[in-house]
Structures are given as structure tokens and as C-alpha cells.
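What follows is a group of structures, each given as C-alpha cells.
What follows is subunit A paired twice: with subunit B in the first complex and subunit C in the second.
Right, the complex of A and B next:
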């Protein structure tokens, strides 16, 4: 089993519109943990964009090039094949009811540093929303062959009120 | 190193912390800083405990999970065997250090698939355990299960505790291969300070079980 090296971390203690983790500068696999992420709006999800260095600034990429395929696991209803193509962001977690619960997950990042390949993410997240446990397991891709230096997390509306977001390199 | 020359400095010594160690260190300094969680060491998937269970055991309990240190835990299960036919391994939480384990109120949602082409979903909002961690296995040749699970927020008294998991096993029905992945929640804002691995019904298991913490998460 390899080792994890922390690259960046951000603990949200006051409402913020987004969290950016950067520092991807090698061809290693990277991993992100999210623990206790709570949006300000009662039923939001946490969404993801990749970031690119633009004149020294990590810039979330918003072009309609995100595809995903996830199994949406629900404790009290039939599961859903959740998928889409050519979106401007991708889904990281299911809905999160309130600050008591939080969104949590493990995300592995592949090919981010490779300017000639698409960037891929595997998703394994769990939340409590709309009075049920909810999970997302699957993956997503940003179909632009360019180097990306990090990831950008944001709620579908409003702010992120709390949570710890950490980027590791798997070595 | 003598106290009057701590870390190579005379007088005021630099503050030490993860990612910011300054000075000259002898082995005792390093050991002390590691003990105080002030020494920069990479390899932040940290082994807390391994249980190599070679005698059939009904309850495999991790009671020193260091939930005050780690926000994310990780458990692996390898080469798990059962002494009873058709038993799944499941997980439960304790909030009293392992004296008792919560046996109601869990929610889970999980997907399974078999090598014979059978796929389906399993779910509950009132379960006695955190989902079926592995396929059902029997005391037959080659019927073993392998699995991992992440845990979130166990030490946070203000949030629910969550887990995600995946497993790969030789399934007792068929028999054939079965995979499982899923997620579960203990919807109660409590500190979870012990984890039990057990059967969904009466059985005992052998196997290697390792608990890790992901530091600084």
C-alpha cells in the first residue's frame, strides 16, 4: 500500500462560496477527502470543477465538458443510474440536509498533470439528505486534454458553511 | 540535545509543527516531536491496529480507534472466512468504547453484482448494522471475502457518522463471484469510539483486519 502526502487542506469555518485545493504538479494519482461539508441551503449537493493555472491563478474550468456516470444509492427508494454529458460541472455528493450531517467522500484524481490526456475522477461519497442516507459511487471526466492543478468545490446554490477538504498525493 | 541548545538554538527555540520543523534534531528530539504530533512525516495513511484472526471469532472489535485524531478512518478485510453457511460480514458502531454496540437505526444503500449476471440493490432505513459489507460466504474451499470501508466524522459529536464500502468475494450461492459497493449512515450526532465487525446472523470469522487513520483530513 502506498503512502499519502498531504498537499493542501482547507477547513471551512465561515460561509464561503467555494473551496479550491491546488498543488497537483506530478503525474501521481491524487486523492481528496471531504469530511462534514455542509452547504448553507438545506438540500444542496457539493459539485466539482477542475482548476487550471491561468496566469498564475488557479481557475475553475466552466466549459461544458464534464461527463459523469454514478450509481445514486438511496436508503429509502430505488437506486438511480445518474449520468450526463457535456455539463459545466460535475456532481460530487448527494443532497445534504443541514449542518448536523455533512457531505463526506473520497475522490481519486487521475491524469490531472498530463496536458495531453483528459482528467478523470472516481467518486465515492455519502450524505444524509431528505431524511435518508444517500451515496454516490462512480466517476467523472473533464474532456479537455490540458493540465489541471487542482479541484474546485462549490454548492449548487449559496455557500459552503463548514467542512474539511484535503488533497493528498498517493506516492 | 541539551535543553540549553534545543533544536540547535540558544534561548528562544522555534515552534515546531507539521510542515514547519526548524533546527537541528537528534533522535530524542524527533521521537518527542513525533509523540507530540509536531514532526513532519509523510505517509499519512497511518496504521492504527491490525487484527490477524486465526481462530473463528464472532465479534472483531476495534476499541481504540483514535477518533479524536482522525476525521477519516479506513478498514481493510482480507481473506475472510466464515464457519457458518451463507453469512455476510457487517459493521456496527459503539458510543461507549465498545461496552455495547448500537443495534438499530442505521440506514444503508448498496449495490451488488455477481459473475453470473445478477445485479440488484439492497437498502434499509431501520437496520441493525451498517449494510452488508461482504457477500455471504460459507465454510467451503475458496469462499473468502475481501473488503474495505471508509468512515467519516466518527469523532465529531455534532455530526452523523458515515461509511462507504466495497467488497469482492466468492459468493456462497451459485457459487460464483460477487461484488458489493455501498454507503451507510448512523443518523445520530454522537462520538463513535469503537467499531465491531461481525456476522449478519450467527457466525464467526477468520481473516486479517486492519484499521487505519487518514491524518490531517
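Right, the complex of A and C next:
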């Protein structure tokens, strides 16, 4: 089993529009965890963008270059082959009931530091929303060959009210 | 030091149908990784083990229908199956096993926020096991639908004759250090 070295963490204690974790500066695999995340309204998802260093500022990338494919597991309905291409952000967690602090996930990050390759993320998440347990199992890619230094999490609407977001390096 | 800390190693005893691991979860960690490895049956039986139950702060195994899960069961020799339950008295997470030498069950599981009494407890699992007739891979998400403090787990088999033969359950805490 590999060793995990914590790179960055952010525990949300008051509503915030987004959470950014940076510090990817090597060709190692990185892992991100989310636990206890909650949106401020309804049953929003938490979505992901990669960040790039722009004049010293980690900047979420918003071009329509995110592709994803996953199995959407649901406790009360048939599973869904969930996929899309050329989107401006990508899957993170499924819908989260905002009263339950129930957004959780494990994400592995590949090739982020390599400016000649696309950046890949594996997705495993579990939430409770719309009165059922839900989860994504799959992966996503940002199809621009450039170096990325982190990840940016944001809800589909409103703010993030709670949750701990942590970035580890796998060594 | 790695952020992943081994906090418990339990050997599955021979001849039992339940394995309780108590005092497992604490305020030290919010996420736990549990590795189920080499779990086999004591007799010649192709068995899908019922799965997981949780243990509350009083040390009692939660046997009520308070669990919800979605499982994608992927056998190597037949069609995949979707197992979906909004309420059940355990979480099936795709452990398939047989007697020693004919197959055993393995899974890697993450458990989220068990110690937090104001949150549901969540899990993600990926499993792969073998019986004398087939291999079964599986993906599972599960939720314990009560906001209460959880302190441990139970590996649960419902059929009295289907006793375990052995195996290991290792639990790691995933440390977060602030500041």
C-alpha cells in the first residue's frame, strides 16, 4: 500500500462559492477526498474543474474540454450510463441533500503536472439526495495538454456550506 | 509518516458467521479504508456473504432496516445484476467466497463520517471474489440512514451453516492535519 502525504486541506465552516486545492508539482499520482460536503440549497451536485497557474494565481479552467463517463448507481431506480463530452466542468459528487452533510468521494488525479498530456481523474462518490443513496463510479478527462496544479470544487448553484476537502500525494 | 494509519487488524475466526470489530471509529479520522482480504468459507459452499452491519456507540449491532445501498454485481459467467434497496437490514457489498482453495472474497471499502452523530454514515466499496463456479466483481455505494455515532462494523453471514474459515480485515484511518 502506498504512502499518502497530505498536500492541502480546506474545511468549510461558513458558506463559500468554491473550494480550491493546489500544490500539485510533481508527476506522482495524487488523491483528493471529500467528506461531509453540503450545498447551501436544494440537492445540488458538487462539480470539478482543474486549475492552472496563471501569473501566480490558480485559475479554474472553464473551456468546454471536459469529458466524463461513469456508472450512476442509485438505490431506488435503474442505474444509468452517465456520459458527456465537451463540457465546461465535470462530475464530482451526485446530488446532496443540503440538510445531511452527505457529499463524500475519493478521486485519483493523473498527469496533472505533465504539460504534454491530458489530465485524468477517477471518480468514486457517494451521497444522499432525492431520498436515495447515490454514487458515481467512473472517470473524467480534461482534453487540453497543459500542466495543472490543482482542483476546484463548486456546487451547481449557490454555495458550499460544509465539508472537508483534502489533497494527498501518493508516493 | 503516511496519512494512512493502520488502526486495526482482525483475523476472521473459523466457524463463525459474524465478525464484530468494535471501538474502530473515533474523532481522529473522518474517512476510513477497510481492506477485506482472503475471506473464505469453512465448508464447501459457494456463498454470497450477506455483507456489512454497523455497530453503534452502545456496542450494539444495528440490525434494523436502516441501510440503503446500490450494488452492481458483475459475475464473470453471467449477466450483470443491479441490486437496489432503499431500506434493508444490512449492506451487501459483493463478497463471494468458497472453501479454502476454491475461492475467497476481497474488497476495498471507504467509510465516511461514522463518528459524526449528526451525519449519516456512507460507504463506497469495490470487491472481487471467487466461488467454485464463478468470479464476481462488484461496485457498491451504501448509506446508514440514521444520524448517529457509529463505532464499529460487523461482517455478517445470515446462514448458520455458512461459517467463515478465515481471512483478514484491516482498517486504516485517513488523517487530515489542519494548520
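Annotations for the structure displayed:
Going forward, the second predicted complex is superposed on the first by the 169 of 171 C-alpha atoms of A that agree within 3 Å, B and C clash if a C-alpha of one lies under 4 Å from a C-alpha of the other, contacts with A are read in each partner's own complex, and residues count from 1 in each chain.
The criterion applied here is as follows: a contact is a pair of C-beta atoms (placed from the backbone, for glycine too) under 8 Å apart; a residue touches a chain by one contact, two chains touch by 3 or more.
Quick caveat, the model's predicted, so the values are computed rather than measured.
For the composite obtained by superposing both complexes on subunit A, the positions of subunit B and subunit C are in clash.
Contacts of A:80 after superposition on the shared chain: neither subunit B nor subunit C is touched.
In the superposition on chain A, no contact is made by A:145 with either subunit B or subunit C. Of the two partner chains placed around the shared chain by superposition, subunit B and subunit C are both touched by A:133.
In the superposition on chain A, A:9 contacts both subunit B and subunit C.
On subunit A, the patch touched by subunit B and the patch touched by subunit C overlap at residues 1, 3-6, 9, 33, 35-36, 71, 73-76, 78-79, 100-102, 104-106, 124-128, 132-135, 137, 164, 166, 168. Those residues of subunit A that touch subunit C in the complex are listed here as 1, 3-6, 9, 11, 33, 35-36, 71, 73-79, 100-102, 104-106, 124-128, 131-135, 137, 164, 166, 168.
Subunit B contributes residues 42-45, 71-72, 107-111, 121, 123-125, 150, 152-153, 156, 158-160, 162-164, 166, 181-185, 187, 189, 214-217 to its touches with subunit A in the complex. Those residues of subunit A whose C-beta lies close enough to touch subunit B in the complex are 1-6, 9, 33, 35-36, 71, 73-76, 78-79, 100-102, 104-106, 124-128, 132-135, 137, 164, 166, 168, 171.
Considering their complex, residues 2-4, 30-31, 68-72, 82, 84-86, 110, 112-113, 116, 118-120, 122-124, 126, 139-143, 145, 147, 172, 174-178 of subunit C touch subunit A.
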